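What follows is a set of structures for review.
Shared chain: chain A. Partners: chain B in the first complex, chain C in the second.
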Partner chain A sequence: MAVSYSVAQDVYFTRSGHIYFISHTDIIDIDANNHQAAGFLDVTTGKVQCAVLIKSFEFTLATAKEHFNESYMDSDKFPKAEFKGEIVNINSINLAEPGRYQATVKGKLTIKGQTKDLETQVEMIVKESEILASCSFDVTISDFNIKVPALVENRVAKVVQVSLGFKYQPYKK
Partner chain B sequence: MYIMAILPLLVSGQADWDSLLDQELAENKLNETATFKSWRIMNGQSVEMIPARGLDLRIAHRFGEFNTTENNFLGLDEASTYFGLYYGITSGLNIGIARATYNQTNYGFIKYAVLKQTSGNKSFPFTLVFNASVSYTSKEYQDKIRDDDFVSRFDYTFQVLLGRKFNERISFQLTPTFVHRNLVETEAESNDLYVLGVGGRYLISPRVAINAEYYWVVNAQERNGYRFYDPLAVGVDIQIGSHVFQLMLTNASAMTENKFLGETTSHFFNGDIRFGFNISQIFTLGKAKNK
Partner chain C sequence: MKKIRWAVLLLISIIIIAFMVISKIFKPVGSLEYVLPEYTVMANELFEAFNENESMANEKYLGKVIEVTGFIKDFNAEGRTVVLKTSDDYFGISCSFNENQKLDTTVFQEGIELKIRGECSGKLMDVALNNCVILK
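What follows is the complex of A and B.
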């Protein structure tokens, strides 16, 4: 019984997940990409978990990375952001079969040491040997103790748009 | 009994993800950022590079000495000024041009990052940058022959910048430097200078750092009985958005390497100290929208 539980193809994994975010204001757009997010997906239980290092976000704007890490995210103290959750409609979709599925993912998002509930729609494209998952959601930065100095208040959005694109492959130990 | 033996396996199968993800993230390639707040520690270049397509507009002043006996408001009535444009071709290759009033110098540099400090499992302990600069003295000389001697107006500086960010607050830099002046004012002076620079910063808050920078001119020179002194600067970096303000106390009045390393006549520990500032405003050219 224990052996059948941990069959490898149930668990999918990526170490090069893409996360993009943008802070949009009328004055300036500040955006960043990260291609080094890591994540697990269990297609039978619907459990998902992913994590990303704050310091590996790369920005379009010069010097934004430094401000982001030092002034906003305190990334030496809080090096990673993390999501732990599950696909709530796992019983109505069969991720073992190739196809396109709408999954509802619900869980806990932790950024800068603060944990909040997050629920979002994830599009899953199941292929022979990989699963493409993509979603987008909004993050209210004050929920995560991210403070913006009054001087640049109108240059940083109160709500940051985040989008994810993960290409999972069967996890091999 | 049998069930009890299986249970820990089930639990560990899930809990494992935490440590497995941490192991994966430890493999992330991370360039260490913000070793210093600016491309100059105070007077001299730092290992910090301008990111790709970043354009830095830089204005700097060094005022007169505080202890001067003249009536010039603690030196603030007189200023040596510097106006520069620096550009990041890539985050590993920077160029810049500047004009300094000191000897009416036109200045250019090229800076290349050979190795970058990285953290994570694939870490590398320091950043190594080469910097080469050329200065052209455009001031007029009384002596017609000297004035017409085009080649004599060029000075060159070659530097190896070795920097390490020890932690979030403390960074340190060693800067072996070679300066060649095509022509010096007196025969007794050497055309070449061998210099070792040391600099560091201590971050006191995310937006404020204290910096200090000293250059030891190994073969310190004299001119007509007056000796030249090693440049020393102590100051603060204040970062507000895309601006960095650097306020300092220093004995150097020139802002190009050939001059502040070769011709600093003030002696810091004699109290020949002046106030100075660098103001840097960085713009990003290209994609970013900036109304």
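What follows is the complex of A and C.
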């Protein structure tokens, strides 16, 4: 993850962002958690950037983990997914002031080498020394060249629900 | 009589196969407690390997079970992750523990030395290990 921001007080960072996804079907629910997502947020410009290692998703079921990494995500070839974008309504919210804000974030989501536009609403809670951001959105797996064999296609949802919870702190490097 | 015997055998076979398939599908992610590591390294050595040449380090470590020794820099109870110190002021080795694992969080105090076994998932800012177990 290339960090292109200058080091300043207005840049916030997390190394332990939480990403959760669930593939829901009538036969089986497959879900996974990742608590190692990295993210940057510039409260002045509204630029946001986050990245996650595909192999860092923790599954409960061994077969689900194996299929996710080897068959669907090809995680040796595409080890990271990332999002780069900005808060489009940054001028109407003040992330330097404590409070609760609704941010509209627009940008590019890259998974498995495929890049698509993404727009989502993010709830941001600004506290004295941290910013909490949470959102959820759907990912259509065919948009990212994720192919499911016909034999198991009724066990994997065509649209996966994704939730994010990031606790940003001032980036003081 | 023969037909009944065959029918019973067939039924038993179907039940056994169904049981095996269901067991495989619902088998939980296994612990690495008794899995031999492919590499044993110090936290800083692992971090530097990724810093110097990420693609070479990925080739060597990605998806492999490795043992890493280092000192605790940070602990996130909610996320069940520990970060081990490296020579970098800010970034280190982020070790995540699967929810299947029992975790004694009382050992997680800054400066304590730990030996952790986990699967290497690559590097973002920190180098990440997953499905970790604590060895000492």
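Convention: the second predicted complex is superposed on the first by the 166 of 173 C-alpha atoms of A that agree within 3 Å, B and C clash if a C-alpha of one lies under 4 Å from a C-alpha of the other, contacts with A are read in each partner's own complex, and residues count from 1 in each chain.
Going forward, contacts are C-beta pairs under 8 Å (C-beta built on N, C-alpha and C of every residue); 3 or more make two chains touch, one makes a residue touch a chain.
These numbers come from a predicted model, not from an experiment.
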item	value
Combined model on chain A where chain B meets chain C, clash or fit	clash
Touched chain A residues, chain B compared with chain C	B
Which superposed partner A:61 touches (first chain B, second chain C, both, neither)	both
Which superposed partner A:80 touches (first chain B, second chain C, both, neither)	both
First, second, both or neither for A:18, with chain B first and chain C second	second
Partner chain in contact with A:33 - chain B first, chain C second, else both or neither	second
Partner chain in contact with A:71 - chain B first, chain C second, else both or neither	first
Touched partner set for A:52, first chain B, second chain C, both or neither	both
Partner chain(s) touched by A:151 [first = chain B, second = chain C, both, neither]	first
Chain B/chain C common contact set on chain A	1, 15, 28, 36, 38, 51-53, 55-56, 59-63, 65, 69, 76, 80
Touching residues on chain B, where the partner in the complex is chain A	6, 9-10, 13-14, 17-18, 20-22, 24-25, 27-30, 33-34, 37, 50-54, 88, 119, 167-168, 203, 206-207, 239-242, 282-284, 287-291
Residue numbers on chain A that touch chain C, as the complex places them	1, 3, 15-16, 18, 28, 33, 35-38, 51-56, 58-63, 65, 69, 76, 79-80, 172-173
Touching residues on chain A, where the partner in the complex is chain B	1-2, 5-6, 15, 26-29, 36, 38-40, 47, 49-53, 55-56, 59-63, 65-67, 69-71, 74, 76, 80, 82, 151-152, 155
Contact footprint of chain A on chain C as seen in their complex	24-30, 58, 62-63, 76, 78-81, 83, 89-91, 94, 96, 98-100, 119, 121-126, 128, 130-131
